[in-house]
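In the two complexes below, subunit A is the common chain; its partner is subunit B in one and subunit C in the other.
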Partner chain A sequence: MAEKTADAIKYKILRFLDVTGFTVFDPIVRLAFREEPKKQLESIFKFLIIPIMFICFCVWVWWTVAPNHKTKSGEVPTPDVVMQSARINHTFSEREKTKETDFLLVGEERLAALAAVEAEMESKSVILAELEARLAQHESNYAQVLEARLAPLQKELDEVKAKYDAIEAEKKVLITEAAAAIEAGTGTTEALLAAIRAEGIAKDESRAAESIIKDKIDAIRSDKYKPLETARLDVNAVADQIQFLKKRVDFLSQSNRSMKVLEAEETLMEYQAKLAKATTAKAALSEAKRVVRAEDSIERLEKQQYASAMTVYLQVKRSIFTVFVGFVVAAIIAIPVGILCGLSRIAMACLTPIISIFKPVSPVVWLLIFQIVVGAFFPDPESHPFFLFFNSLPFIGNLGINPALIFSGCTVAMCAVWPALVNTALGVASIDKDHINVARVLRLNFWERLTKIIIPSAMPLIFAGLRISLGVGWMVLIAAEALSSSDGLGKFVWDEYQNGSSFSFANIIYACFVVGIIGFCLDRMMIVLQRFVSFDESGTSL
Partner chain B sequence: MIPRITRILSLTALTVTATSLYAEQLDVEKDTLKFGFIKLTDCAPIVIAKEMGYFEEEGLQVEVTAQPNWKQLLDNVINGELDGAHMLSGQPIAATIGFGTKAHIVTAYTLDLNGNAITVSNDIWKQMQENDPALDTETPEHPITADSLKPIVQAAKDEGKRLPMGMVFPVSTHNYEIRYWLAAAGINPGMYTSTDIKGFTGGDIELSTTPPPQMPATLESGKNVAYCVGEPWNQQAVAKGIGVPVVTNYDIWKNNPEKVFGVTKKWADENPNTHIAVVKALIRAGKWLDETDADGNLVNREEACRILSQKNYVGADYDVLKASMTGYFYFQKSDKREMPDFNVFFKYHSTYPWYSDGVWFLTQMRRWGQITEPKPAEWYAETAKEVYLPKVYLAAAKHLLQEGYIEESDIPWDTDGYKAPTDEFIDGITYDGKDPIGYLNSHTIGNKDEI
Partner chain C sequence: MSDERYVEIFNLVKAYPNPFGDEIKVVDGFELKVPRGDVVSIIGHSGCGKSTVLNMIAGLSPISDGGIIVANKEIDGPGPDRAVVFQAPCLLPWMTSFQNVMLGVKRSYPHASRQERKEVVEASLIMVGLSDAMHKYPREMSGGMQQRVGIARAIALKPRMLLLDEPLGRLDSLTRMELQDVILRILDKEKITTMMVTHDPDEAVFMSDRICMMTNGPHAKVGEVMEIEFERPRSREEIMETDQFYEYRRRLLAFLDECEHEKEARKKKVG
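The block that comes next holds the complex of A and B.
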């Protein structure tokens, strides 16, 4: 009996792995249930250990090759630098969260937090002073080292210059002599020409010699002095923290919401007192107006939210939302049209030229077209009911839906529609003739035939198409966001490229992994769905 | 009641200044705003006004977002996605007269002066040094003219090539500056005509548009041999060792206007008080940026660099931003010079929306053929008046004066909007905003009009 339940559990797990497409972990499960341990170990080694080792090898190659490829934007970041950039992005978003809580803190908690932050700031300032002193020390050291390294080269350069100056002067004398000789009638024009040529050659030689030394000087100047670099980074890190703490102090005191409300209440009281004392009609009117305005401003302040800067996590959320907007639109168009094409050869003939011409068009082109065409529907996006409605919804309201998001979504839909459409048409067209015959025998009407026979049997191919669509959509989205500057991962990458800071390159590689991992998850999600709808239990390609 | 009052008392220390402000707060029509900027150091006043809470003190909740390029920024302002933006001085003017996208854009605030430089590739720099041995030192004398560049341009032309150079936007200050610099040395940078909207006609070189962040890359790949751009992209070239800034726009025209804060006419008409409130906050930010101690050192610039180096703003390295923002400029790694006026955000009455600045840009548009027809002098004055709104600026300044944030001498209260004629150009030609036609005709290269 016990064995049977164990088996049941085992098969459940195996089935789960199968559905989710993680069959590679099968042997581990089987091993855990002691099914043919030797065979399992062997396949674990073959299909798990070796691939893991291969990936480690790839990382190792990255680690060793990257620093040797020097670009003008700095070295190619190694995995640890990319990890660090991930951490920096995380800190950035944590800081935004902290600021938000600070903004909303009230009463005792606020005062306690304020005291803590101020104390921290003080201790950090001490550290900063120390670090700055160290940096200054390193700077002077570096200046000395540089001086020492450059002095001999500078001397050499001066010598070379002097030497060639002398040679050139000599040649000049020869030229004047040759010219004088012509005047005197003793020289030939050839001699003069030769002298001038010789001067040119000497000049070229001197330039070549000088530029060799100058290049050496440049190389020394651009050599990085590690201790100085690290000292500078340390100072910057602490100074950044102090900047952040300063901002926190601001959010805990002056800019705190409760404080602002309090302040406004105080003003209101002042105005109310003045209004009570007002004797003339004019004074009463102006004070009353002020009271109303102050009351309005209190109401507004009480509802005020912290305006958070875009963090990478928010951008990920927004990207995923956008890709689904596009994907859903694509599916809504592709499935009915695909079914129509599959059913009717005339419809297929009508649509084939359109599909074949528009399918290969680049997303960039679509984006530009949508920006112009769809943009015309939103002359005043700030107060357009469409956006007001979506931005008032829970969950998606805080994503800030704007025309740029709609353009990116439309671009995704445009590019994602084709694989789903073509696959649906294929799925419908290739339904087993027997099924159709059965439908005929049963005298099913069109609607029944569609829902009972056609859609179910085309389902696996429809989903296979949708899966490709989502993959294509995700890929297209990043480009569309970069170009339309719709907040999301695409904009993250583009902004980083524009920033050109020392971490930009690492951040771009970081984004590359984030995009890849999310794309992988989306794909897995589609695989699971696809497995649920395929009745034939056949496996899916990975 | 009592506990609340004690609470208030305990907080007054922090809020003394703010309380008095509330009485003055303007009745704004719109209190949540969205401004756009391009990742350049001269967006600083907008960023600082937000980060230092100046917008908030005016009762405004402001979101600032980076825009991918100048065209999209302008489009977003026109279609209402943005309320206002950091713009090139030429953009409101060009949009208003209909060169490029047509829309009536106005400005009531000049964000900064100077701040650009022309960088040439290492190879060109070497050749320039060969042509003019005086340049062949670590610290050559400035300003460097394009005279030593001319033989190189000529040599390339003899081979049937036109040297490719870069600027950021057809109506950008950078375009006019690099053209001015080249033309001052007798190099024809090319003319715009009604059929040639790229501005190549008759040029000795080929000047084309490249977005600022891509500039260093184009220099490295040889797509451009020289470019004119704002910071941090010149200092970036020095830091990466791929080019040498030869001249800053301070040397081309001392204290020239650079960026403005632009909004649509429609927005300005619908939100007059909001506009004044925004300009108030910007004036305060400008003043903060240019604050100096007794010795004349800029005291707030390092903090400004810290803020700007955040990735949601300019995002470049702090050290690179610091290189030009704190009163210095690196011309080569070994050539660091004091340039206290490389970025001016408030001094010299710089933030006032001068009509004469608008007229200068119009003369440049005419000089290079972006304005295809000759126009009378009055047209220049009228167009400048359509775009620049000193009234809004002065209203904001009056409020600030009452509140005690600025001093009487900070603002040119009684000006007619024209700066005094100046000859502080690299070629020494005098510019008088009241005589645009005469100014046009005083140049050798470029369109000339009959008076």
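The block that comes next holds the complex of A and C.
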């Protein structure tokens, strides 16, 4: 009995792997259930270990090749730098979350949090002072070491300079002599020219010799002294934390929402008191106006939310949302039109020119067109009811839906519509003739034909098309966001490219992996869906 | 309505135009009368146009000339009164056998309640011996089982006429015999007028009341109609033991052989 349930579990897992397209991990599952261990180990080696080794090899190549290429924005980052940038991005988003909770804390909790943060800041300050002292120590130590290492080179440089200065002076004398000889009529012009050339050569030689020594000096100066570097990094890290704690203190005290409300209420009371005391009509009017304004501002403050900075996770969320908007629009257009094209040759003839002309148009062109078109619909996007409505919805409210998102989505839809459309049309047109005959004999009406026969039989191809569409959409979206400054991963990359901090390049490569992994997940999702709607059990290509 | 001429086919012609404006008459002057409840086999060499005739009766293939009358009505296009079992099972792979059969039942019993329809579907599936496989998908069934669903789908329509287009042609011989028995049992019970295309002489003799032998095409028509006078219900063992069976079979083969010789002779003449 126990064996049977184990088998059932095993086949459930295997089935899951099959549906999700991770059949590579089959042998591990089978091995765990002790099914032909030898065979499983063999296939694990062949299809898991070797690919993993290959990937390791690729990473190794990256690691060794990257630092050799110097660019304007620094060296090409190695994998560890990229990992670090991922960590930094993660910390940043965690901190934003903490700040948000701090901003919303009230009463006792706020005070407790404030006390805790201040205590932490105290202790961190002590650590910082220590670390700074150590850094200073290292700096002075290293300055001495550097001095000691540089002194002989400096001396050598001076010597070389002196030597070549002497030689050059000698050559100059020769030139004056040669010139004087020409004046006296004893010398030849050739001699003068030769003397001038000799001086030039001497100068070049001196420069070359000096630059060799200078290079050595530079190399020593730019040598990184490990303890000093780590000490500096430690100081920076702690200073950074203290900075963050200061921000927290701010959000727990002055900038806290409840505190702001309290402050506003005080002003309100003040105004109310003044209003009560007002004797002239003019004074009463102005105070009353102030009271109303203060009341409004309290109401606003009470509803205020923390304005979070765009973290990479928020960008990801927004990108995924945008791509789904575009994708859904594309599917809604492509499937009915594709079915129509597949059913009617007239419709196909009408649409073929449109499809073939617009399919190859670059997403950039669509983006610009939609930017203009969509922009015209929303002259005042801040207060347009459409956006106010969407931004007040739960879950998607914090994405900041704006015209940029709409036209990025439209661009995605425009580029994603074609593969789905063409595949749907093909699927409908290539329906099995036998099935059509069955429909004719059974005298099915149009609707039944469509829902019972045509759509189910075209389903695998429709989904294959949708899968391509989603892939295309995701690719287009990143470019569209970069170009249109619509918040999202594309903008993240673009901003990094523009701001040029020391981590920009690493951040871009990090974003590249994020984009890739999300694209992969979306594709997998479509494969699973396709598996579920397809009547044939055949596997899907990866 | 005369039962003797339940199905009447007169001067049936199927012509395909060739690109030069001439017409090639594949079937030319096919005439046949089938009494009500009879089982008629059409047999002939491959390519002689047997399936074409059947498709024209089914309404799937347009008629070039002549006419077909079924139950006093000239046919016009396909319809559920003439159920077809195709050579391939032609099941919709995204539906279970139950749903496949139900597809036609919905059309031919428009006023029946849900329960009644369900009963019709179940009855016809049980009749073909698929009571255990009602909710299986075609991919989970063998070729023989799929063809049984195909037969059930045709029967469930309560057709005036059943058209079988080499329904067992793709099955192995054991399954074929099994299904022959299934079909015969159903026909004995339901008394549906049936026309079956086959190229297996044994099958033709065993299953039909008359065999219509077609000459070779082009210009194929009915060469000879042979009455089979076995009593129904038939049992394979008994029939196979009679000399009559072998006599029928011999005549059939002789006719087919003769057709073949004629064809060769014609070729020689042309040559």
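We take it that the second predicted complex is superposed on the first by the 424 of 542 C-alpha atoms of A that agree within 3 Å, B and C clash if a C-alpha of one lies under 4 Å from a C-alpha of the other, contacts with A are read in each partner's own complex, and residues count from 1 in each chain.
Simple rule for what comes next: a residue touches a chain if its C-beta (ideal position, glycine included) is under 8 Å from a C-beta of that chain, and two chains touch if they have at least 3 such contacts.
None of the values given here were measured: they were computed from a predicted structure.
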| item | value |
| --- | --- |
| Touched partner set for A:K12, first subunit B, second subunit C, both or neither | neither |
| Partner chain(s) touched by A:D218 [first = subunit B, second = subunit C, both, neither] | first |
| Touched partner set for A:G500, first subunit B, second subunit C, both or neither | first |
| Subunit B versus subunit C as contact partner of A:K163, first or second or both or neither | neither |
| Partner, of subunit C and subunit B, that touches more residues belonging to subunit A | B |
| Touched partner set for A:K452, first subunit B, second subunit C, both or neither | second |
| Subunit B versus subunit C as contact partner of A:R440, first or second or both or neither | second |
| Subunit B residues touching subunit A - in the complex, by the definition given at the top | 7-8, 11, 14-15, 18-19, 22-23, 25, 27, 31, 39, 51, 53, 56, 59, 61-63, 65-68, 72, 79-81, 126, 130, 213, 216, 220, 232-233, 236, 240-242, 303, 306-307, 309-312, 314-320, 333-334 |
| Interface residues, subunit C side, partner subunit A - complex | 58-60, 77-80, 82-84, 86, 88, 90, 92-95, 103-104, 106-107, 137, 139, 157 |
| Contact footprint of subunit C on subunit A as seen in their complex | 434-435, 437-438, 440-444, 448, 452-453, 456-457, 459, 535-537 |
| In the complex, subunit A residues that touch subunit B | 72-73, 92, 207, 211, 218, 221-222, 232, 236, 239-240, 243, 247, 250, 253-255, 259, 262-264, 266-267, 293-294, 297, 300, 304, 307, 309-310, 375, 378-382, 402-404, 482-483, 485, 494-502, 504 |
